[in-house]
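Submitted below is the structure of interest, expressed as structure tokens.
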Amino acid sequence: ACGQAAPTAPAATTAPAATTAPAAEATAPAQLPSPPAPGPLTAADAGGIEKLIERARAEGNLSTIALPDDWANYGEMKQKFLEKYPFIKHEDLNPDASSAQEIEAIKANAGSKGPQAPDVIDVGFTWGDTAKKEGLLQPYKVEKWDEIPETLKDPEGFWYADYYGVMAFEVNTQVVQNIPQDWSDLLKPEYKGQVALAGDPTGSGQAINAVWAAALGNGGSLDNPMPGLEFFKKLNEAGNLLPVVAKPATIAKGETPIALRWDYNALANRDQNAGNIDIAVVVPKSGSLAGVYVQAISAYAPRPHAARLWMEFLYSDEGQLIWLKGYATPARFEAMRKAGLIPQDLLDKLPKTDAPVAFPTGGQINAAFDMIKSNWPTVVGATVQ
Amino acid sequence: MAPLTRTETSRSVIERRAFSWTWLGVAPFFLFVAAFLIWPTLSIIAQSFLDQERRLSLQNILELGRPFIVSSYVYSLQLSAVTAIGGGALGGLLAYAITIGGLPRPLRDAVLSFSGVASNFAGVPLAFAFIATLGQLGVVTQWLRSVGINLYPAFSLYSFWGLSIVYIYFQIPLMVLIMGPAFEGMRREWREAAESLGATSWHYWRYVGLPILLPSILGTMVLLFGNAFGAHATAFQLTGGGSQGNVVTILIGAQISSDALANPGLGNALALGMIVIMGVCIGLYTWLQRLSARWLRS
Amino acid sequence: MLKRFWSWFWFIVGATYFLVPLYATFDFSLRARRGDLSFAAYANVLNDIRFVESFWFSLQTALATIAISALVIVPTAYWVQLRLPRLRPVVEFFTLLPFVVPAVVLVFSLARTYSRTPLTDSREGLWVLLVGSYVILSFPYMYRAVDTGLRSINIHDLTEAAQSLGAGWFTILARVIFPNVYVALLSGAFITFAIVMGEFTIAALLAQPAFGPYMNRLASSRVYEPSALAIISFALTWAAIAALQWIGQGSQARVAGPR
Amino acid sequence: MAFLEIVGVRKSFGATVAVEHFDLTVERGEFVSFLGPSGCGKTTTLRMVAGFEKPTTGRIIIDGVDVTDMPPNRRNIGMVFQSYALFPNMTVAENIGFGLKIARRPADEIRARVEELLRIMHMPEFGRRYPYQLSGGQQQRVALARALAIHPKVLLLDEPLSALDAKIRASLRQEIREIQRQLGITTIYVTHDQEEAMALSDRIVVMSRGRVEQIGTPFEVYNFPATRFVASFVGTLNLIQATVVDAALGLLSIEGRPIRVARPLVQHRPGDAISLAIRPELIALDGQMNGEVNRLSGIVEDVTFLGSIVRVQVHLSANKLHLDLFNNPQLRPPQPGSSITVQFAPEACLVLGEDGSPHHSMSASATQAA
Amino acid sequence: MAFLEIVGVRKSFGATVAVEHFDLTVERGEFVSFLGPSGCGKTTTLRMVAGFEKPTTGRIIIDGVDVTDMPPNRRNIGMVFQSYALFPNMTVAENIGFGLKIARRPADEIRARVEELLRIMHMPEFGRRYPYQLSGGQQQRVALARALAIHPKVLLLDEPLSALDAKIRASLRQEIREIQRQLGITTIYVTHDQEEAMALSDRIVVMSRGRVEQIGTPFEVYNFPATRFVASFVGTLNLIQATVVDAALGLLSIEGRPIRVARPLVQHRPGDAISLAIRPELIALDGQMNGEVNRLSGIVEDVTFLGSIVRVQVHLSANKLHLDLFNNPQLRPPQPGSSITVQFAPEACLVLGEDGSPHHSMSASATQAA
């Protein structure tokens, strides 16, 4: 289907590869094997959804990767899926894996049939294109393909957005009396030693997005994330930024009373601790950035039909509502709301945001991520003792 | 002449066979290492010399010279050295206390088995345990505050020294486990001989006890150093923002497992740097040990 | 006695240092209900079938790892001491290498190396890879422990005595060397045990239902349960190690004599 | 005046009593040995003098100062351990100079003293070696030099030769004795080798089960043992069953042959069974002795050639007898299986009573002979 | 037929030659000792017989089979180590039965054999103890039993008693000898204790610097040493400077006094300075000897009481002399400082020439006396 699967092409076809061939052969990991022929492009190609279920039943397994239970309500998602298709034996590979690790898992296990080879991945937006170029994905278009906005999917069906959220302040109100409302509030002396990221901005998407979102709130733009770094530099110099990874436990303990997390994670955590810890979730007034994740099926998926069944479930009305229940805005959100498929109580529970949500393009994401990741150590982390 | 010739040939055959047999004794180990360790190590080395388009290049190696990478090596080295020495000292004292220090035997057993567990108490649970202890709202912090001592902001768990305190938690038990037997090997007569010559405790340890233990201590220090140098999860939790400097392992993690576009080549080059540093450490240790133990049969 | 005093002093310093963070964790784990200390988090953990399953799985894996590691390390350390003392730095280097090879690199390299072999095509095969990796991780500790143990017995004379009685290498290792380094082996085994019980990255990426990934999953999603689990796993691991130690006690008395 | 006094010392470890009722005074410059079987409390007593153990009761006085409660490092006592306990990390010279270094003596003085001691020990060129590079005998001498370097008031040696070969032992004990005389240093020497104790000591303390059995010169202890234990522990002894015939005349019967001892058997009555003890070197082949002798006949069972001595084992009817002859290349030793008659003087006989203490036929002369 | 043959064996470690030109044949059931100073190659030779070292050249033949290239575990040789090398993890019974278990003998047979050996070793009730629960002497016996359990063709013992006390040594060497005779097992025994070698052996191989100095019975080696080294290494020897007066008559002069030896000094001429060697036990106090004797006078310098023997050191004008007397409680030993005359037979004199080999005044009778 894809004519330019460069890395998998024979080494002799491109000049640079040829020059490095001896060294690469001697020392570098072997080239990836050619992937098996891709599966059906749509459920109809597979002979209808019933046929797909049949084939998936024959495969009997499904390996997903990087799907934490508390992330975007994936816990319920997996559970409901397995209840619906009880013949599937599910393998929940490294729920904490990063996008790079998911891609690496495909590469490393290319050709392996074991449960450690992931069938489907859920990666940061730009990884869809990268993986596609490397020939690591196979296309599939779910039944409701058309309801996914054009900007959020690969036209050929190699990858497609699943949900998005915006950056929010998760605040333990037992510790913090005055709840910060905007990025600039975080610089106030009263928040000394109280603000924490949920990861390392040289690797974690959530943390990088926090920096980028700060840029939007501080005079930057989707193309100019530098003000975000400047902001965090100030935050750090003011002593407000804590160099600790915010986790539900640290938030509850009060050690990281203001955590910068995806709104869906923050809200889920708020609900989980209802009645014990008082948590407020605030979407900052300025700089609302959408973080979009995408779904895809591995080109080497040992269980391609189970993978397709999983996709169908995710993009079914039921699957989309499960995400929404976890406060993650699903890809078909607009279409479903228009069709009145979303119960009102679910809509009511969603946080109200006045700020316009900015959706970056793949190119912008790549550039911004690269910029933040490589400049963080020097701009913000420069105060090494 | 004939029998002599026969003798000679058969002997050389034997010697050759004996030679290969000798090496065969360690073959299982090297086979195992080859199967499970050498290949990953080679792949690290190989990838270090490949750029992102998988072409041969020195780019990654040259990047090791970038200031923030150098400073993270320095940070890692300092952290490893400080915690190896600090953990080594405290662990050594504890090992001494439970072995030849005259504490009841059951305590010794309890500490040893506890050390087995504690030496691998790391990552998220350890980080959180210390956050709950010495964090801004930690148990100890609050207790000290209640008696009028404010740890913060003079001290921070997320500073170099805070991190060191956390690392020492898994360094001490390692020291205890390894130095315990060494302490038990110290002969009572040495101490008594020194005492009869007028030596105080201090003299004994300064001139006899420590020098004798030095080779074991050095060896264990290298182990502790490596243990800290390679630690990742704990540091990740406590330096998460990366705003207080980074240890190399986190930098590596960011390169090979990241949500942003990763640069595995650089990650591998960083790991190669660590391997080289470890190799240098072992060389240094072997040399120091020879130096400090001329008196050992070898 | 001054010496006794200092021993107690350092022991108490050590004990405080070790126990206070555990206490803090414990204290936090009891606060799952507002204004109330309760074992709710513990109940949640213990009622989870995956907790039992994964603990049991890791327990078995740990024992397998210890057994294999001992089988590899004891003959090696023995042979290096007996015949190849010059090889010691090399062996030491390789046993320390696992510290600096990141687990992620290790596991993906293994997956690549053994891709399209039975090792990567079934859960059982992957388990072999898992145990193999853990054996590597155990080397730094096991080698040092065994090496120290071997120094304390006269392996040259024991070897020759066994040889003169007709024993071959296998018999010597199995009947003479192993039983006599058993105690030393134990301390290495303790650490190995703890490593395996807590290891996360390799197990997760090799799709193994181990205890480490289970703990990690819980840690990222729950508030109080991770602390409860940390306490429980600490206690369980300690209990398991104490059991190992207790089993080893008999032979210790025999080899070392009463102290 | 006594230089070292051990007064009423008792030491117990929990329930075990290691040493009891120990009293001893040692003169300045005297060489005293503790001799006794394993576990009899020799080491414990020595360690109490050194200060490594505290007596349960009793006092230890050195040069007029009660040191019972003084820590070992302030007693100024030189100690040589059975295992040498050389510091493996120091050269020979450093080992010897250690005590002086601790005492902050000037480097020159230390060097001179070390050299002097190395010369005394006949190993002047060994200063830079490490202990592992020395033979056992050399290590031993270094340990001795180390103990002597600090000019100790008392020198304590705990079985310093027991790990060495017979040949080296003999030459080293000679050296120890010479050095001790030369320096006139008060010395206590622990051993369970009686030949060593006899060759070295001015006086011997024979111990058994934590108690002193006898204190005396080697000659006294060997020839006039105070108890049955001492008699059998020190030297080789033939024990022969005998029956009292006439107690007043000292007449006995061994396997029907009349035997006379030199003293009346005051405690015995005719018909009593007693043990007669005779040293093998006091028995001779028939015809080699003058004066009044006892004679016994038997069959030669075994002849052991020991170099200077030939030991002949004679089988009487119900008893066995050893006798020692000097080797003589010109004389054929008795052959196994041949008949033999042996003789011994009445004065050679020691009568061991049932109460455990021996009645030496010559004990009247004990004090005179000493 | 020779049971064990060591033919032209040489062993070098790099540049060091440990053993050279070693030839020995041992008969079945014979007890042979290797005697020599430290480092002379005794252990190396033994280890070559056991198979732990391979000869650089030469062959080793046991019971007609060339075993030079056979690994140790197939030679069927029992070995007892100086350090015992008991397996600490096994009980006494398991230690003894180890070799049989390796050979897969039935459990019944093993049990029976272990019991039998424990009985032979006089420790029947010790089977269930662990080595650390035994005394040194007991460990030694277990090591011996373990080596004997496999019915070895040859028993090798490497200084098995050197770590023990004098008292235990004497009794154990008796036991070893008895057991060896009882079982008739061919035995090689390494020691540097000459008394031990003499007491135990049928023949002694005296070694020095990797070479055989003499092979002979204890009597031969002691009384008719083949080389100067043997003469001085075995036993105590007085060496006295003398001048030849009349070689044919065997007439010498020591410090001006005429001395006769039993044999003409064929290699010497009047005026030659020679060394005269006399064993201390062949010198007597004046008046104790009959027949023709030589006499020398001097001053008593020192008297050492050694128990059964009293060693007297006499200072002549330029020479020192030791003589051994049997202790006798009735006789006062000579007092230091007093004048003394000693006597010795012409036959007691050994003339050591400059070529290093002794000319015994009685060497003609050597073969006859053996």
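All chains are identified by letter, namely A, B, C, D and E, in their written order; residue positions are counted from 1 within each chain.
Convention: a contact is a pair of C-beta atoms (placed from the backbone, for glycine too) under 8 Å apart; a residue touches a chain by one contact, two chains touch by 3 or more.
What you see is a predicted model; the values in this text were computed from it and never measured.
Taking the definition of touch as given, a chain qualifies here only if it contacts chain C and chain D alike; those chains are B, E. Contact with chain A and chain B alike is made by C. Spacing of chain C relative to chain E, judged by their CA centroids, is 55 angstrom. With each centre defined as the average position of its C-alpha atoms, the distance from chain A to chain E rounds to 88 Å. One inter-chain figure worth recording: chain A and chain C are separated by 35 Å, centre to centre, where each centre is the mean of the chain's CA atoms. Each chain gets a centre from the mean of its Cα atoms; for chain B and chain C, those two points are 16 Å apart. Counting partner chains per residue, chain A has residues 29, 97, 101, 104, 247, 249, 253 touching two or more of them. For chain C, residues touching at least two other chains, in rising order: 28, 104, 109, 112, 216, 219, 226-227.
Residue positions of chain D touching 2 or more other chains: there are none. Every residue of chain C that touches chain E in the complex is listed here, in rising order: 153-154, 157-158, 160-168, 171, 175-176, 179-180, 182, 251, 254-257.
Residues of chain C that touch chain B in their complex: 1-4, 6-11, 13-14, 17-18, 20-25, 27-28, 71-73, 75-76, 78-80, 82-85, 87, 89, 91-94, 96-106, 109-110, 112-113, 132-133, 135-136, 140-141, 144-145, 148-149, 152, 184, 187, 190-191, 193-195, 197-198, 200, 215-216, 219, 226-227, 229-230, 234, 237-238, 241-242, 244-245, 259. Interface of chain A with chain C (complex): residues 29-30, 33, 63, 68-71, 75, 91-97, 101, 104-105, 107-117, 247-249, 251-253, 269, 272-273, 275-277. Against chain C, in their complex, chain B makes its touches with residues 22-23, 25-26, 28-30, 32-33, 35-37, 39-41, 43-44, 90, 93-94, 96-98, 101-103, 105, 107, 109-126, 128-130, 132-133, 138-140, 168-169, 172, 174, 177-178, 180-182, 185, 201, 216, 219-220, 222-223, 226-227, 229-230, 232-233, 249, 252-253, 256-257, 267-268, 271, 274-275, 277-279, 282-283, 286, 298.
Those residues of chain D that touch chain B in the complex are listed here as 50-52, 71-79, 81, 83, 85-91, 98-99, 101-103, 130-132, 146-147, 149-150, 156.
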